[in-house]
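The following blocks contain the structures, represented as structure tokens.
You will see chain A twice below: alongside chain B first, and alongside chain C after that.
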Partner chain A sequence: MGRDGSAPIRNHGYCMYERHLAMRKSLYALLLVLTLGAFWVPTQAQAAEGGTVDIVGHTADGFYLEFEPMATVELPRIFLMEDASGSLTLKSYASTAAALQSGDFQLVLDGETVTSDSDLSAAIDSKKHLHAGLQPAVGSVILDFSISRHLIFGLLAMLIVALIGISLARKYKRGVGREEAPHGVFQNAFEALIVYIRDEIAKPTLGEKHEKFLPYLLTAFFFILFANLLGLVPYGAAATSNLAVTGMLAVFTFVIGQVYASKEHWKHLLLGPPEVPVLIRIILVPVEILGLLTRHFALAIRLFANMAAGALVIFSLLGLIFIMNVTFGAGAAYGAAVPSIFLTVFISLVKLLVAFIQAYVFTILSALFIGMSVEEHHHDEHHEDDAHHDTGDLTPALAGDGAAPEKARVSTEREVVAS
Partner chain B sequence: MHLVLAAGLLDPASGLIVWKAAAFSILLYVLYKFAWGPITEALKEREETIDNSIRRAEKALQEAKQIQAENDKARREAEREAQRILREARESAEELKEKEKAQMREEMQRMQEQARAEIEREKQGALQELRDEVADLAVQAASKIVKEDLDGQRQRKLVSDFIEDLPQN
Partner chain C sequence: MEFDPTAYAFLAAGLGAGLVTIGASYGIGRLAGPAMEGSARQPEAAGDIRTSMIIAAALIEGVALFGLVICVLLATS
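Let's look at the complex of A and B:
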């Protein structure tokens, strides 16, 4: 009996040891791959000696998916064009190269329009056309609806969020987590996030109105989170490192805040704080309006800058190898490769952290801004105290209602600075 | 800075904004309808269920405690009552015993006195009877002496005869 009983325990211990060993093995494998990569990269750089690496071009949006060194897949281009006569037409091409080869568009390389066919095909062969401007041969482009890399990865993030959300909801509909305890890593992990957003973000900032805005906050949080995380996937890109995407999200926060705004919010915004003299109110109103817009603008810039910066730093660290190769030769490049790779790994881990932090920061700030405009203001005696606080806000008067949200905001701002 | 601007890093693409806004609106609607709604509802329901269960359990515990306290109180009271009854019973038994004893003593005394009086009466009766008998006998003896008054010898003989004639007891 005793032997039978001890067998599974020993097995379990052995399993743990085996797993530990496997983890260590995979870690070594990862390090090996990274180191090999470090030695492999300079040879590539040598091959491309004299060429330039467009770091910003890689961080910015592009109309192609990169699967280097296997392939570069060009994405379809769709343009809303206006003729000379003023009629609108929608033109679509399978790729940027196809758009150029059709003759409808001309390549603008380094400020000069490429006219000859041979130059054009040379540019296409060297893939320079992907980082250059397009100019319509006739008419003008009203809107560029082209499918871009950030659009693809943004849609992918949305698809992931939708799949997670719906499969999670199906579990709850089946009764798991409704009548019985939540089951499994998937449900528990996401429930923890959802409950955290509800209890730590929505409830303190929005009070009893939190239920109305919770779906938006959850959607924004999970979309940003997965868009951020996709930036860490090989060949992936963070859709949130695009100002258009973060701007769109900030506009959503702005519109939701203004649509559900309370009467007091409009009064405060357009007539100024009531306890202030009229003459000062004339000055304060534009400041308040500016403050409102700046808040949301900063919301977009913060997320964009954080995500773009991460990508830029990684590209810069890797670019160091190439710079070493060009300026000091191959030996220096090999020497620079090892610290560069390790720093890249470190920055990647930081980016993983930042992915969560920025999703959290965007969500809590959105909740705060919505809460500020939705809140039924009560001008109480706290106002004067708050006016003396140096909160670093453009318009202290605007944020002067309720010390708690203000504190939360200041702390999140600090977090942003820290990150 | 020129490089950053040239590559369009800070240049929000209008087409992308349109695509993303449309896609995000759809995502928001889909998730609101099919994901967050049911999930938050389920969470709320579960929380309420847990809340209610806890409250019910607490209430039940409170009730149980109260019932226990009541039971304890009743038990203590019953014990006290039982003790009281026992004590009272003992006291009354003692009292009864004392009373009986006193009664018995009294009875005995009475019986003793009665016996003594009887004896006295008997004694008096017996003495009276003896006295009467003695008187009769004296008279009889005197009359016999008088009748046969001859000589001293004879008289002595008479007296001794008489004494011999006396019943032995």
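Let's look at the complex of A and C:
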């Protein structure tokens, strides 16, 4: 028995040793890359010396795609303008610089309008115009349809989700995955995610109605996931670090919840909980309405702040090198580069985790909010049961009438959440 | 020594961010500890506990992020 048992153990040990070696090799490779990075970053810092780095400007939306150190590609600007006579015109330019050079727009740098041509070309050469405001020379801008970085990456995420969704759907239509086992890495990976969302998110929160809302939940999950992941790609940007994008997603959740809302939801929202006295209901109704709006507002803010904060933290950690360079000289910058790059790698890995967690959290909270407004409370049945019980007792106590249904309601809500 | 009035805004933003972090970490710590204990005592309920823990953590985090957004607004205004 001992001989039989020892062989696999030795084998196992050998395997562990091999894995250990491989891990060590990859660790050395990582260290090499990091050291090279430490040498590369201070030169960049020196290149940027003299100019201030606008961290928030880089995290926020912009009308350009950044491919530093190679190039910066400006995106088209489209404006709906109204002139003095009140007529509307649509004006489009190939880039922000083109809009400024055409003379239709003036640059506002640090609160001052740039008027001379030499100042303007200097600002364009130093790319300051990308972080400054535009002011129309005549008339006013009604709507700004300009194509921004977040729009590009949002559309890219949308395209990826559409391609994945359609190709998966065609596979299942052909019968792969239904009549036979799912085939290949691609289908297996996504089937695992989709089944997880159906069984762990939609079914527990929405009950038997989950099939109606599953398409929205899946779309939201995969869009947010790919938008988040695009923020981790070099030269990419996370569309979800824009409040307009996350706000629109929250509005979708809100609208879906309200359109499919049950009668009980509206009664509860506009008339207050039925077992509560009228005077308290007057206080409770605004609270309920505010609660409903705040829930969805927080949904938007959460996703936005998480994604924007990750980018800000990475910029701040890398900015440490620049700060050291300015205050203590190049030596301190080399010293600061090593820990700050390690921390940046760490935060990037955290961001990878957060990309998945935030997509999951948005989806599960959307499902919960939709479920809260869609579910029929089964509250009236309990109420009737209690009423029968009360009349049976021949003691229609007022206090009991208020308290007992409240308890029943709480317990049913718990059951719904738990099941 | 002269003070730029915007320095107070930066100071407030920094202190605020720190306080928000203390509050959020206390809240999530209070949440995660018992959740872990609960799933260790009853491993078959680990899935349910994890789900409700993530929801509650997300709600705490939401409040913390409201605070952080205000801090960012203070620091950038």
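Here is the rule we go by: the second predicted complex is superposed on the first by the 344 of 419 C-alpha atoms of A that agree within 3 Å, B and C clash if a C-alpha of one lies under 4 Å from a C-alpha of the other, contacts with A are read in each partner's own complex, and residues count from 1 in each chain.
Heads up, the rule we're going with is that a contact is a pair of C-beta atoms (placed from the backbone, for glycine too) under 8 Å apart; a residue touches a chain by one contact, two chains touch by 3 or more.
Computed from a prediction, not measured in an experiment: that's the story for all the values here.
Undergrad: One more residue to check, A:214. First (chain B), second (chain C), both or neither?
TA: So A:214 only meets chain B here.
Undergrad: If you stack the two complexes on chain A, which partner ends up touching A:320: first (chain B), second (chain C), both, or neither?
TA: neither
Undergrad: Classify the contacts of A:271 with the two partner chains as first (chain B alone), second (chain C alone), both, or neither.
TA: neither
Undergrad: Which partner does A:368 contact after superposing on A: first (chain B), second (chain C), both, neither?
TA: second
Undergrad: With both structures superposed, pick whichever of chain B and chain C touches the larger number of chain A residues.
TA: Tallying touched residues of chain A, the top partner is B.
Undergrad: Once chain A of both complexes is superposed, is A:350 in touch with chain B (first), chain C (second), both, or neither?
TA: Touch status of A:350: no partner.
Undergrad: Quick one: classify A:156 as touching chain B (first), chain C (second), both or neither.
TA: neither
Undergrad: Does chain B (first) or chain C (second) touch A:338, or do both, or does neither?
TA: In the superposition, A:338 touches no partner, neither chain B nor chain C.
Undergrad: After overlaying the two complexes on chain A, where does the chain B footprint on chain A coincide with the chain C footprint?
TA: Residues 56, which sit in both footprints.
Undergrad: Write out the stretch or stretches of chain A touching chain C in their complex.
TA: 56, 200, 204, 298-299, 301-302, 305-306, 309, 312, 357, 360-361, 364-365, 368, 417-418
Undergrad: Within their complex, state which residues of chain B touch chain A.
TA: Contact set of chain B toward chain A: 3-4, 6-21, 23-24, 27-28, 30-32, 34-43, 45-46, 49.
Undergrad: Mind pulling up the chain C residues that touch chain A in the complex?
TA: Contacts found on chain C: 47-48, 51-52, 54-55, 58-59, 61-63, 65-66, 68-69, 72, 76.
Undergrad: Which part of chain A faces chain B closely enough to touch in the complex?
TA: Within the complex, chain A touches chain B at residues 54, 56-57, 59-61, 78, 131, 143-148, 150-151, 154-155, 158, 161-162, 165-166, 168-169, 172-173, 177-179, 191, 194-195, 198, 211, 214-216, 218-219, 223, 239, 242-245, 247-249, 251-252, 308.
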